[in-house]
Amino acid sequence: MLQSLREEVLEANREIVRRGLVLYTFGNVSGISREDGLVVIKPSGVDYERMTADDMVVTDLDGTVVWGKLRPSSDLKTHLHLYRSFPAVGGVVHTHSEFATIWAQARRSIPPLGTTHADYFYGPIPATRELTREEIEGDYVHATGVAIVDSFGNRDPMEAPAALVADHGPFCWGATPAEAVHNAVVLEAVARMAYHTIALKPDSAGITQALLDRHYKRKHGAAATYGQS
Amino acid sequence: MLQSLREEVLEANREIVRRGLVLYTFGNVSGISREDGLVVIKPSGVDYERMTADDMVVTDLDGTVVWGKLRPSSDLKTHLHLYRSFPAVGGVVHTHSEFATIWAQARRSIPPLGTTHADYFYGPIPATRELTREEIEGDYVHATGVAIVDSFGNRDPMEAPAALVADHGPFCWGATPAEAVHNAVVLEAVARMAYHTIALKPDSAGITQALLDRHYKRKHGAAATYGQS
Amino acid sequence: MLQSLREEVLEANREIVRRGLVLYTFGNVSGISREDGLVVIKPSGVDYERMTADDMVVTDLDGTVVWGKLRPSSDLKTHLHLYRSFPAVGGVVHTHSEFATIWAQARRSIPPLGTTHADYFYGPIPATRELTREEIEGDYVHATGVAIVDSFGNRDPMEAPAALVADHGPFCWGATPAEAVHNAVVLEAVARMAYHTIALKPDSAGITQALLDRHYKRKHGAAATYGQS
Amino acid sequence: MLQSLREEVLEANREIVRRGLVLYTFGNVSGISREDGLVVIKPSGVDYERMTADDMVVTDLDGTVVWGKLRPSSDLKTHLHLYRSFPAVGGVVHTHSEFATIWAQARRSIPPLGTTHADYFYGPIPATRELTREEIEGDYVHATGVAIVDSFGNRDPMEAPAALVADHGPFCWGATPAEAVHNAVVLEAVARMAYHTIALKPDSAGITQALLDRHYKRKHGAAATYGQS
């Protein structure tokens, strides 16, 4: 079932290891077939080195496993809530990549401090609110997704395809699993540079709206001019 | 003698090199056979590249060498005190890994600032008290073990399987030598992120008890749900 | 057309990847044939791994493509303005290398704090002014070049072959594309060390004019003594 | 001439590259034959990749080349002054390794903040005074050696085999070229950890004399117990 998407999700999981975003099994990537209403996700706690496409787990949007022998990632319900809430999302990735996690642990949104940020994220990368005790003791993994969605309010989630879960770490997304991982790699670079920029200039005000517009729209939307047509 | 445990300890010593936790010969891993009351440890000052399982040294719990041609690691007595004091420990590792050592040199415990920490360490990772002059000039290596054990008081040492020896560096442990090394790798990542979190947000209060419980118990104890059953 | 220069520019683009100065496609190198008045530059948004010399684009100094099938780098006009304004420049490189970008985002020039700096840069490495809203919304890429040239005033641009574009990142240059890349590699090392020097000693005054003269002139100019004659 | 020492010096020069202590040609190692009163040193500005033992240069203790086709390292006179002043030194290495250079640029000695330091350096690693204008404009490279020797006063230079030349970077030494390089590698690790320890605990007082004695003497001198006998 969904052989091609399972290959794609496997490859995206391997890519987060190659890019140095995860230690041991601290991360997971999923992808969705919108047509089938089915999600493919990494199994829980399996070594990346020996994972195959047949170890991927297929669930419906309520989390019921419809294919696969293994238990899905323990973060499944966060992924599902993002797919249900953000209809343009085709892939989701969660890591504990170092500097994105540092901002998450500091419960601070990453302000746009340069054009690297603006090329990918149209405004701040939000840190979520802290979860309440009731959320943590209740349906915790689902509540994590709710907090991410809350942090966007009316913003288009595709314009800043990442959130920093307070005290935890980043979730990123994209049109495909590969694009979600690409965004996670860039997020980590942006998070490292923002951390050090603020240390060097604590009163950094960030870039102007004009510069944010110029860079973001150069790469995104109908008027994009970057790359080959 | 204890061929299989010697292979396991050798492999764990190689792993700390591969993971970037040691420079030259600045680290050592041991393992214990509780059944035999015997400890296998790396020899002192031998290059990791040319070590074989036959270079490992076997001692009893008092430190008497019962097998092997080489002198045991100079940190042997610290390992032995941990095995005698913490009956669930099956492997011990000492490194000078960069950020764990930085916290140790600052004589600060690492507070739980995020879920990466909470997944492995149920509460602060203790820094020990400084040793007294008498301890340093007397049975120093043994006293190092005493200070580690003191830093736990009534805490279960398996719930925070690491300590930061003041002015020195980390010791970690686990049910096996491999698990001890795994914990040392995670400790280094947690120490790096905690260092930078505190720089970004000096008044970080750390995570709530509810979040600590949720993450730690997801991976440990009877109610654990992480991984494959 | 310009086969040899295209090979040289390709190789220089590969070198910025090997040296860890770029992530994905965030960088570009160009070279000029002063004799022909033609510039060779990397195409826009093409993966470094699959680029060949035939993918390079040749333009005149006004930016008209005179050879090649692909669209040139979106930063082309900045490169062109540097070639027109700085006649000794034979190669230009733009990256988002981490610490040079951090200084650019902090809008701070890098002061000469040691001899590593002085061996390559005769005085501060200038951060440009911020671009105005009119510049950003108008001919933005050209205006970036103008701001770089403005930041040099009457200084010889070959004596400090780099500038930090405010809120963006570094541009570097040299007599050839390879030399421009060499300077970009050194800039990143200098930027890392300057960042941490200032953290360790916030009131760093920088080196004396005598030391700057001694080191810079040891490697540059008629009286240079470094290397083989 | 001195074929074996030339091989040894070549290998030590390669080791500083493998260990990440140098960028391009920013470093040099030499060795001395005390019996012959001759020094072997790396040539100036030659790529490490294509250097052979035949490219090494042999000079006497006054700097006169007695063998070899190439010009010696531009830092030769500093090496020579160290050999003349410190009779136990058999090898000298100069690098611009990142954190040792940062301390040098900050003109700060590295205090002993932990046992990693104490295992190699018996007390602070001195930063030299700044050179005077007369020294810089006169016999600069020689004066650099004088400043290093001055920074030791009556201390035994073998008990802290490194100095940080103000505004420049580290020189290290040892009984052999290989040992000098080993010390340079450890210095960089110690410098990194000291930098971050001070950031985490600005009032770090450093370790006690008792702990310094215990660790240093465990590895050095007649009573050393570390390693295999």
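For clarity, chains are labelled A, B, C and D in written order, and residue numbers in each chain start from 1.
What we mean here is this: a contact is a pair of C-beta atoms (placed from the backbone, for glycine too) under 8 Å apart; a residue touches a chain by one contact, two chains touch by 3 or more.
The structure displayed is predicted, hence computed values, not measured ones.
**Student:** If you apply the touch rule, which chains end up adjacent to both subunit A and subunit C?
**Tutor:** none
**Student:** Compared with subunit C, which chain's mean CA position is the farthest off?
**Tutor:** With centres defined by C-alpha atoms, farthest from subunit C sits B.
**Student:** For the two copies subunit B and subunit A, is the contact made of the same residues on each side, with over half of the numbers shared, or of different residues?
**Tutor:** Different; most numbers are used by only one of subunit A and subunit B.
**Student:** Would you mind pulling out the distance in Å between where the CA atoms of subunit A average out and where those of subunit D do?
**Tutor:** Result: the chain centres lie 47 Å from each other.
**Student:** Which integer distance in Å separates the CA centroid of subunit C from that of subunit D?
**Tutor:** Each chain's C-alpha centroid was found; their separation is 33 Å.
**Student:** Going by the contact rule already set, what residues in subunit A reach two or more other chains?
**Tutor:** Subunit A, residues with two or more chain partners: 199.
**Student:** Between the chains shown, work out who touches whom and classify the graph as line, ring, star, complete or other.
**Tutor:** Basically the chains close up into a ring.
**Student:** Touching pairs of chains, all of them, please.
**Tutor:** A-B, A-C, B-D, C-D
**Student:** Hey, which residues of subunit C end up touching subunit A in the complex?
**Tutor:** Residues 23-24, 26, 43-46, 70-71, 74, 96, 98-99, 101-108, 130-131, 133, 136-137, 140, 167-169, 195, 198-199 of subunit C touch subunit A in their complex.
**Student:** Considering only the defined contacts, which subunit A positions touch subunit C in the complex?
**Tutor:** It is residues 113-116, 119, 182, 185-186, 189, 192-194, 196-197, 199-201, 204, 207-208, 210-211, 214, 218, 225-229 of subunit A that touch subunit C.
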